[in-house]
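Just so it is clear, A, B, C and D label the chains in written order, and each chain counts residues from 1 on its own.
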Amino acid sequence: VISDIAAIRKVMDKLAHPALLMVDTISSLGSVDYRHDEWGADVTIGGSQKGLMLPPGLSFNAISEKALAASKTAKMPRAFWSWDDMMEANKTGYFPYTPATNLLFGLREAISMLHEEGLPNVYARHIRHGEATRRAARAWGLELVCQNPADYSPVLTAIMLPAGHDADRMRGIILDNFDLSLGMGLGRLKGKAFRIGHLGDFNDLSLMAALAGVEMGLALAGVPHQKGGVDAAMQYLQECAASSTEARIAA
Amino acid sequence: VISDIAAIRKVMDKLAHPALLMVDTISSLGSVDYRHDEWGADVTIGGSQKGLMLPPGLSFNAISEKALAASKTAKMPRAFWSWDDMMEANKTGYFPYTPATNLLFGLREAISMLHEEGLPNVYARHIRHGEATRRAARAWGLELVCQNPADYSPVLTAIMLPAGHDADRMRGIILDNFDLSLGMGLGRLKGKAFRIGHLGDFNDLSLMAALAGVEMGLALAGVPHQKGGVDAAMQYLQECAASSTEARIAA
Amino acid sequence: VISDIAAIRKVMDKLAHPALLMVDTISSLGSVDYRHDEWGADVTIGGSQKGLMLPPGLSFNAISEKALAASKTAKMPRAFWSWDDMMEANKTGYFPYTPATNLLFGLREAISMLHEEGLPNVYARHIRHGEATRRAARAWGLELVCQNPADYSPVLTAIMLPAGHDADRMRGIILDNFDLSLGMGLGRLKGKAFRIGHLGDFNDLSLMAALAGVEMGLALAGVPHQKGGVDAAMQYLQECAASSTEARIAA
Amino acid sequence: VISDIAAIRKVMDKLAHPALLMVDTISSLGSVDYRHDEWGADVTIGGSQKGLMLPPGLSFNAISEKALAASKTAKMPRAFWSWDDMMEANKTGYFPYTPATNLLFGLREAISMLHEEGLPNVYARHIRHGEATRRAARAWGLELVCQNPADYSPVLTAIMLPAGHDADRMRGIILDNFDLSLGMGLGRLKGKAFRIGHLGDFNDLSLMAALAGVEMGLALAGVPHQKGGVDAAMQYLQECAASSTEARIAA
């Protein structure tokens, strides 16, 4: 699911709640629209390894004035996690500790790739893949973990297996047979759901490959389902491509 | 199509034909079984960029005693293509000209990957992908270029479009929409057929992605066809995975 | 300087001091002999980016039973730095958070390179480079930061500039002219000393290049010194190579 | 040695000689000034693996109208070497055969690196390294293969060993001890001379490393020589750096 950060902020403001609003954007930054300042986040955490299409190794904090002030009076002992040294060194473009220079070069290229495609196009691409994935899940007759359409995530779709079927066993079968690694259900959903990631460097055919792996895996694992998920997703992606072509021709 | 090298050799021997038998294995070496000595080839040519899963830049010759003798009396002027300097230098593990050392390291790794999977498994994988692709083509109601089942290729499947439909226009639509580059029809088939490569570093889901791109592209290009190609291929791959799992369990 | 860990341990044991002995091996692991268990360290910290010849991105902890027990009763709030989740996941070869998989592959290769050369040879190489660097410094008439020969470091040599000369200005001149980045003096030595690193993936000629850069930089920066540092180091490395060849021939 | 192409052209024109003027720039393109049109070359051949700082795998031809006309009437059988297919395909930015796409991306970056430094600076850098190398050779008391200063090469310096000393043995000793691969003497000079390449991605400290390897290798191989080659080169490079800094300050 996605979280409505602006709405949360509004409630906090209404209640004049003193808490800092921290947002974890690790799975979404660069794949889903996000506005630290406009939505009033105090601390935003991002990482290099998902929407920014890099190996793990970089993490980012955006911090509000309020968060910065709070950090100055906070009592919890900090060293590596302290912002002071980093902010001091960053003024001159340096780092207080050994930086992962190779990833910084990669980041420059990743950001340039995102701008080349255009952020609105990047976001639309992930929204499209979310919708295609949900259409596949519905065609299979499987339940989505996210029940509320307003909360659908453009980067990750979690799907329930029918009761009594082990999602992790199915994930293992799919990995063994098709070299496709699906996400596990987390917390209470462990073994009951699996997750399809459609974030970062991902296109229509990557998604079709993933959905084909799932549809075959459902059959191999003996999970009750209807055929037609791959077809439903493909039909939708084809319609999107058709309208996008028409839009280009009209423009 | 594949060529029955051993049969060609047999006919040449029967006729006591003096020609050298040269075999171009560039698209197949490392993806299809091939036996230079056993089948009696005189000159075999291979390259790094297909079944050996490397960038272009290396080419190989296997040569028979007969071919070597012929090269010694041949009158055609040669320099770079001459075997003499290469064979002299190769004795000590060197090359007469600047070798692409980086690709030789890559080749060592590629060969080790092929052996890790096991050559019989590699060959079976490509045969499976050829069959899945042909099932897709038949479901689409499209004609295969290769009419004789004995000649079906495990690495490449060429498919005819109905008369009056431009295969190159469809290839362009697929490239623009799905970033999938299909092979063009060659020679007389230019504009009339397209080719799906399923060689080298390729698995079931890569094929499903490619076939989904084609099925959507057929629709976007307005080429008359029936739906169901992707489904037919998926059904077949799933059955293969099921029997392969059963075989593993039985063993 | 290097620290005599075993001696520190001995003193701690003699005093029955309850403190944990933590050793930071980031600059030395893989370049200098180190024995966590034998020397009685409680916590050893290492990183990927120096002696292990990789980009930054991996860090390692070796921990004693005593340290583990202490961590279980420690009151300081921890999350990422907690060992519990890591040890639980490591049992099955996994990680509790997204691991830098690419660096783990690199680590496997780095370790195999170290073993191919042989750890005693690796250590001897760095000791040789330390001695060569100190001979250069002495020939230049510059003072070493490390005054006690027993504490000489095989991986890093810090050298004082004469009073009144700015080491950071000289480092800038060397970087601008020769693309050689020397380490800065740390803490009280900032601006007064510079450091030559000779650790990790480094050989005799890398060192000669670095020393030539320093000798030219001393002249360009107008730092009073005698010529002959490069010669002194080269003379020593040549003698080492000669005895090593003799030793090989004798064996 | 370098060849005075413009002078050769002038003589050919004076004699109204009908031969085509072919120039092999493989070792120099991108490191030494070269002007195909201005100097009147008919065919220029270049490669990716030297001054263009890439792996081997790309070769280039620049051809004059006269060469093109000659190729159309030439009788020698050609296939791969024929310009026709290449020129036809190049019109639309394509290639008649599988191109080494990865190297084309590398070429774009290499060219951009050369322009970033500025071609006059690139050429001056290699001229400087040639002079520094010759100063080292003279200090060693060794003879240069190139006797005429007007013919000195900025990219490669070939140096004679005293009679009775085996250059290839010395090259082997240097490779074994210092991982430095020097060029062998070619043709009549095999075993009598060795070559130091200073082309492509190369800076002052790379040269100092190479010269230190040679000076130590001369001693290890028991070749009679005087010390001081490394010092002489270093003295010269330091003076160049000093004037270059002065020039920058003046500007």
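By our rule, contacts are C-beta pairs under 8 Å (C-beta built on N, C-alpha and C of every residue); 3 or more make two chains touch, one makes a residue touch a chain.
None of the values given here were measured: they were computed from a predicted structure.
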item	value
From subunit D, the most remote chain by mean C-alpha position	A
Pair joined by more contacting C-beta pairs (C-D or A-C)	C-D
Subunit A-subunit D separation of Cα centroids, rounded to whole Å	51
Rounded Å distance between subunit A and subunit C, as computed from the means of their C-alpha atoms	39
Averaged-CA centre spacing for the pair subunit D and subunit C, given as whole angstrom	38
Sequence positions of subunit D contacting 2 or more other chains	none
Chain-level touch network, classified as line, ring, star, complete or other	ring
Pairs of chains, among all present, that meet the touch criterion	A-B, A-C, B-D, C-D
In the complex, subunit A residues that touch subunit B	173, 177-180, 203-206, 208-210, 212-213, 215-216, 219-220, 227, 230-231, 234, 237-238, 241-242, 244-245
Residues of subunit D that touch subunit B when the two form their complex	47, 49, 55-57, 76-77, 98-103
